[in-house]
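Let me begin by handing over the structure; questions about it come next.
Chain IDs A, B, C, D and E follow the sequence of writing; residue 1 opens each chain.
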Amino acid sequence: MNTSSVRPPTRDPAWLGRVFWSLAALVLLWPLLVATEFRPWVLLAPESLQVSGHFIGSFWPLAHGAEFLAMVARETWRTVAMATAGMTLALIIALPLTLMSTRVLSISALAGPMARGPFWLRQSVRWLLVVLRSIPELVWALVFVRVVGLGPTAGVLAIALTYGGMLGKVYGEILESGETDATQNLLRNGSGRLQAFFYGLLPASAAELTSYTVYRWECAIRSSVVLGFVGAGGLGQQMDNSMKMFNGGEVATMLLVFMALVALADRVSAGLRKALG
Amino acid sequence: MNIDLQGASARHPAARPGAAPALKGLTLRVTHGEQVAVIGPSGAGKTTLLQVIACAMPLRAGTLQLDGASPWQLPRSALQRLRGRLFLAPQVPPLPPRQRVVTAVLAGRLPAMGLWQSLRSLFYPVDIPAAFEALDRFDLADKLFERVDRLSGGERQRVGLARALLAPASLWLIDEPLSALDPARARQAIDTLLAGARERGATLVTTLHQVEVALEHFPRIVGLRDGALAFDLPAAQVTREHLARLYEQHEDELHGPAPLDVAPLPVPQPVVMHCR
Amino acid sequence: MNKPQAANQTYRLPPPLFSARCKACWFSAGLLVLVVASFWSLDLQWAQFLSLEAAQSMGRFLAEFVPPDTAPEFLKKVALGTWETLAMSALGTLLAALAGLALALPASRLHEGDAAHGRTPTRLLLNALRSIPELVWAALLLISAGLGPFAGTLALALHTTGVLGRLFAEAIENAPPGPGDALRAQGVGNGRVFLYATLPQVLPQLMSYTLYRWENNIRAAAVLGVVGAGGLGQLLAFHMGLFHMGKTATILAAMLLLVAFVDAASHGSRRLLTR
Amino acid sequence: QQVFRVTAIPDESPTELARKAGPLMQYLEARLGMKVEYIPVTDYAASVEALVNKKVDMAWFGGFTFVQANARSGGKIIPLVQRAEDEKFKSVFITSDPAVKTLADLKGKDVSFGSQSSTSGHLMPRSFLMEAGLNPDKDFRRVAYSGAHDATIAAVASGKVQGGALNISVWEKFVADKKVDTTKVRVIYTTPPYFDYNWSVHADMPAATRQKLSDAFLALSPATPEGKQILDLQRASKFVPTKAENYKGIEAAARSGSLL
Amino acid sequence: MNIDLQGASARHPAARPGAAPALKGLTLRVTHGEQVAVIGPSGAGKTTLLQVIACAMPLRAGTLQLDGASPWQLPRSALQRLRGRLFLAPQVPPLPPRQRVVTAVLAGRLPAMGLWQSLRSLFYPVDIPAAFEALDRFDLADKLFERVDRLSGGERQRVGLARALLAPASLWLIDEPLSALDPARARQAIDTLLAGARERGATLVTTLHQVEVALEHFPRIVGLRDGALAFDLPAAQVTREHLARLYEQHEDELHGPAPLDVAPLPVPQPVVMHCR
């Protein structure tokens, strides 16, 4: 039964391609190492060890004056509030754009290539998303700060625009990378796009979408810290000062606050996933 | 719904360039209310045929007409309306994990539900009795509120089939409905499908590996091999030789006697055709 | 057929999800309060933003961007900065993807019976790496690695390791368990189950996370320039601060192109991977 | 106009600036008879834009920021007064590297300026370096912009960079307050004098208000306790009138360094 | 390998609290080299039984011994070694998408490969001829370098089965090997599995829905219903009544006559048992 007349192939047809791509990757890596002056050993040079050791040593004791702590608490809230407000606006921007740009929900793409009209609509939404997110929030903020003066409005708007672009894109990718059989089956049986989204796509990726949103919120907190560097206020501005003045104790206290915020976001994310899973 | 497929050829977009097309020059007409079983060896193109009819895959050559209209020439909204009248149950039940059985079954009715109603149904299922009744006809009513990823293989398959009973479709395309079912459930499922399609006046095209079931229950049998029509006969006229030739292994010389001892076939019985 | 009699039809209603649902209510209410409190406490000045005056000064500001500076010497500088930014972000992301993958394995529960002893400490480490913004990492590293793109690369790599490690771990935990369980039932060890069953399933996702992080990192690399870690950002901060609007426009255009390039590369790779 | 708004370039850390501004704002409030508000900024450019767009009424500018504001507003920024010290202001170059003795020794090292928009922390040091035959963009290994004078001191003291250039008055204050270890961090070069900081207003301000303002500044004297406190905080002996022509030299330096 | 299951009960960890356990008090002994078919209605616990034997699921009550050892009492490394001698082919072929057929088949040999060799095999498959030969025995040799997600349902299933031929196992647990196969391929597959197990002296436990195939090819039939043993008999002694009772629908009163017209059963033939 198994005495085959066909001789087994002796060579894997994919082999040459693999060798080629591995070599190509190595060749590409080299100029990167040169351009970034990648010299890890300078980290271990005695003088740099001494400098960084000295700075890290100054982390202890943590700054814990009542006034300082009150200031940190105030600025932390400001940072969180900026991030939350920015995220809310970003979601308002991102959700419709995502639904418009997801390929899985395209009816014309159910079979073969997408029709011309929807393709260009999708493509233009994608480009809009690219433009929104390719300008760093820091730059948006610098622009807004110049135009309308200082304050959190600039920061919130900067976060909303950049994050709207990012959320729109990544939501789309999450939706497209999951199992799409169920959605396609619904569309093929004639359901509408939104129906297919709620009955096929969302249950498959709800957990991931939520945890990504929470993660982005956490990123927004970090961004609003960075925005503090250009005058949007909040923890970032304090961090900037303390960093510039090499005030290790203050830096360490604020780093701990960051970690606590991230741990909180993580907890929320895990809880939500559990509720949805 | 009438199906009219003329000289249809199709390839999977991802197939490697050298591969033979999955369907080659297939001509098939199915009239309103007919019940057809498609049989053929693995890889013959049965699933591809269903996908082509379901407008899920465009043709390379040839034409497809559903109720006299060429779906690929329709404007998009009309095509989607047309799709609302089709029901395709894939070989592997397309159930998102974590969804509950009741929601998965009610999803069959989506084309007939407004957006608002379908959203509401996510919070509280709109028509529990209908879902219950559909499941009950597949002996699965007790799993109504179970999650689909906590079902056994056969249970999952039946959830996929129960959807058909809720779909507002006039053409049912069912891919291997019995693969994971035991004989009793299989018989019940096929009876339910046939009766359901008949009640609704829906055309039914089913692929099957169970030749005896096909011969016994379906008035018309289509044999597919290597993407081409092997035969298209009333069940009563399908002979052992037809079947032997249909399922013959590819390397003929290697398996001399094998094709002839295809699983013991029941003697085909002429079947009264109701809806022809 | 076997149609059941109506009299025999009994079905249970959905189990009352009262407690669970109320948890959800509480959570939603909390979320709403947070959002409202945020908007309220920040006293955002939309009026100022939407005023005619603001639109005018915005218009004036944007008008200054034209014409962008295209002096060859400056373009050369921008090209160099662009390349440095690209290299920094690419290498940083690559290092982070490797380190992230190495940390994601101990940080995830690979299958249901997995005791996963290393999970909590590894996740703590990942969280610590991630909670410190790149900018702060860069400022810390500038001290020991010296000014220049190396510090920036390391900063990106460290922060991104935390991010990717967690994302990878979650992707791994969410992968359909079927293929892995089949090998595990054969007694194959975790590492090889990962290579043969989990990785092929999650690879596109890991790649797309990595690629999207790369896009993020290009923007981050621009920010890093502000504290002296090289790249386009340093040019941007310098010229924007000095009101060289034409030059700023050129730099912003370069940034846009860079992100669009990465976007296209990411899209292309994803298509290749999911083909 | 109900509120009179004042800002200052952030050449030192914002907390320090706010501390310095307090008594002066109170004094101006009394003299002008209206509420005076101090608005902190963290970006030199933002303070320039603020005065040009009349988001504030008066700003504390460095020589270079004044030139920038004047250029951006089409010559509509008027310098009112400056400290006596600002007429012959100087910058210093400091180092913590024992091997560095002269400016020329900084070749191939990392050097930090203050903000790129700073006069005493960037523009003039750069201009004098060029005169000394050193091109910062080519001869130094890397150039960093710490953002503020005190941050430059911290960067040099920590060893992050080997050299730094900053405002002499901040340096002297750090030395006087013993906030810097002078055995480690030393001055290697002090620049010739030039005109620097001033208090500027927009030309659209009514002449009467302008007059009131400059009178208020000129009336400050170390003899009164209030005047002494303010002058000490401003690190000034007294305020003197100034005019736009004083800053021609800085403008020329900015143009030759193609910073404007 | 000998299997000794005593009073075994098992529940799926995710099952809802009120649900009946998937296995209740099952006692089963299979000796070295035996070939057993497990049949039973959908949801009877067949898959669960295989999982329990494969040490993929601990027992709630009762004991499991494999070759005299209690797997759950073994130290982890010994358990892992024991598992290396098992092969479980799940109901749905566990093939990661985008993997190539050759890699998927060679994965069956992982327990016998060192880490280094298995890494290398990802770049260049280590033993192409062996994979080719295994596939050829399932009439699938031409798909050697195809990607598994570009196969038809039946082809995919056969890839999953071909793995068994490469596994260094002395116990094969195969869940519904024939569900997606046409009669000819099904016959070939079952012949190959039986012969393969016999050649290697491996014990073979297979669940099946094709009662005729089970009765014809397997010396011993185990009937499972609602998680408990319905019968455990030599194939020759399984009667129509046994089967009718096994597959009887749950709602007895509703489907009065249904259970008795279970699909036309072939007359069971006594089978020569080779390795008993």
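FYI, a contact is a pair of C-beta atoms (placed from the backbone, for glycine too) under 8 Å apart; a residue touches a chain by one contact, two chains touch by 3 or more.
Treat the numbers as computed from the prediction; the structure is a model and nothing was measured.
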Partner chains that chain A and chain D have in common: C
Which of C-E and A-E has more C-beta pairs touching across its chains: C-E
Chain A and chain C, separation of their C-alpha mean positions in angstrom: 3
Computed distance of Cα centres, chain E from chain D, in Å: 82
Chain A-chain B separation of Cα centroids, rounded to whole Å: 43
Mean-CA-position distance for chain D and chain B (Å): 81
Sequence positions of chain C contacting 2 or more other chains: 2, 4, 57, 143, 146, 148, 204, 240, 274
Residue list for chain A, restricted to those that touch at least two other chains: 1, 4, 6, 51, 55, 142, 146-147, 149, 229
Residue numbers of chain E (touch at least two other chains): 92, 188, 249, 251, 255, 258
Contacting residues of chain E [partner chain B, same complex]: 12, 14-16, 39-43, 47, 91-92, 139, 146-147, 150-155, 158, 176, 179-188, 209, 211-213, 243, 247-251, 255, 258-259, 261-264, 266
Chain A contact footprint on chain B (complex, rising order): 13, 54-58, 76, 79-88, 90, 92, 94-99, 103, 107-108, 110-111, 113, 115, 118-119, 122, 167, 169, 251, 253-255
Chain A partner contacts - residues on chain D that touch it in the complex: 13-15, 39, 41-43, 45-46, 49-50, 55, 146-148, 150-151, 154-155, 157-160
Residues of chain C that touch chain E when the two form their complex: 2, 4-5, 8, 112, 178-189, 191-192, 195-201, 203-204, 273-274
Chain C residues within the chain A interface of the complex: 20, 23-24, 27, 34-35, 37-39, 41-46, 48-49, 54, 57-58, 61, 83-84, 87-88, 90-91, 94, 127-128, 130-133, 135-136, 139-140, 143-146, 148-150, 152-153, 167, 170, 174, 204-205, 208, 212, 215-216, 219-220, 222-223, 226, 236, 240, 252, 255-256, 258-260, 263, 270, 274
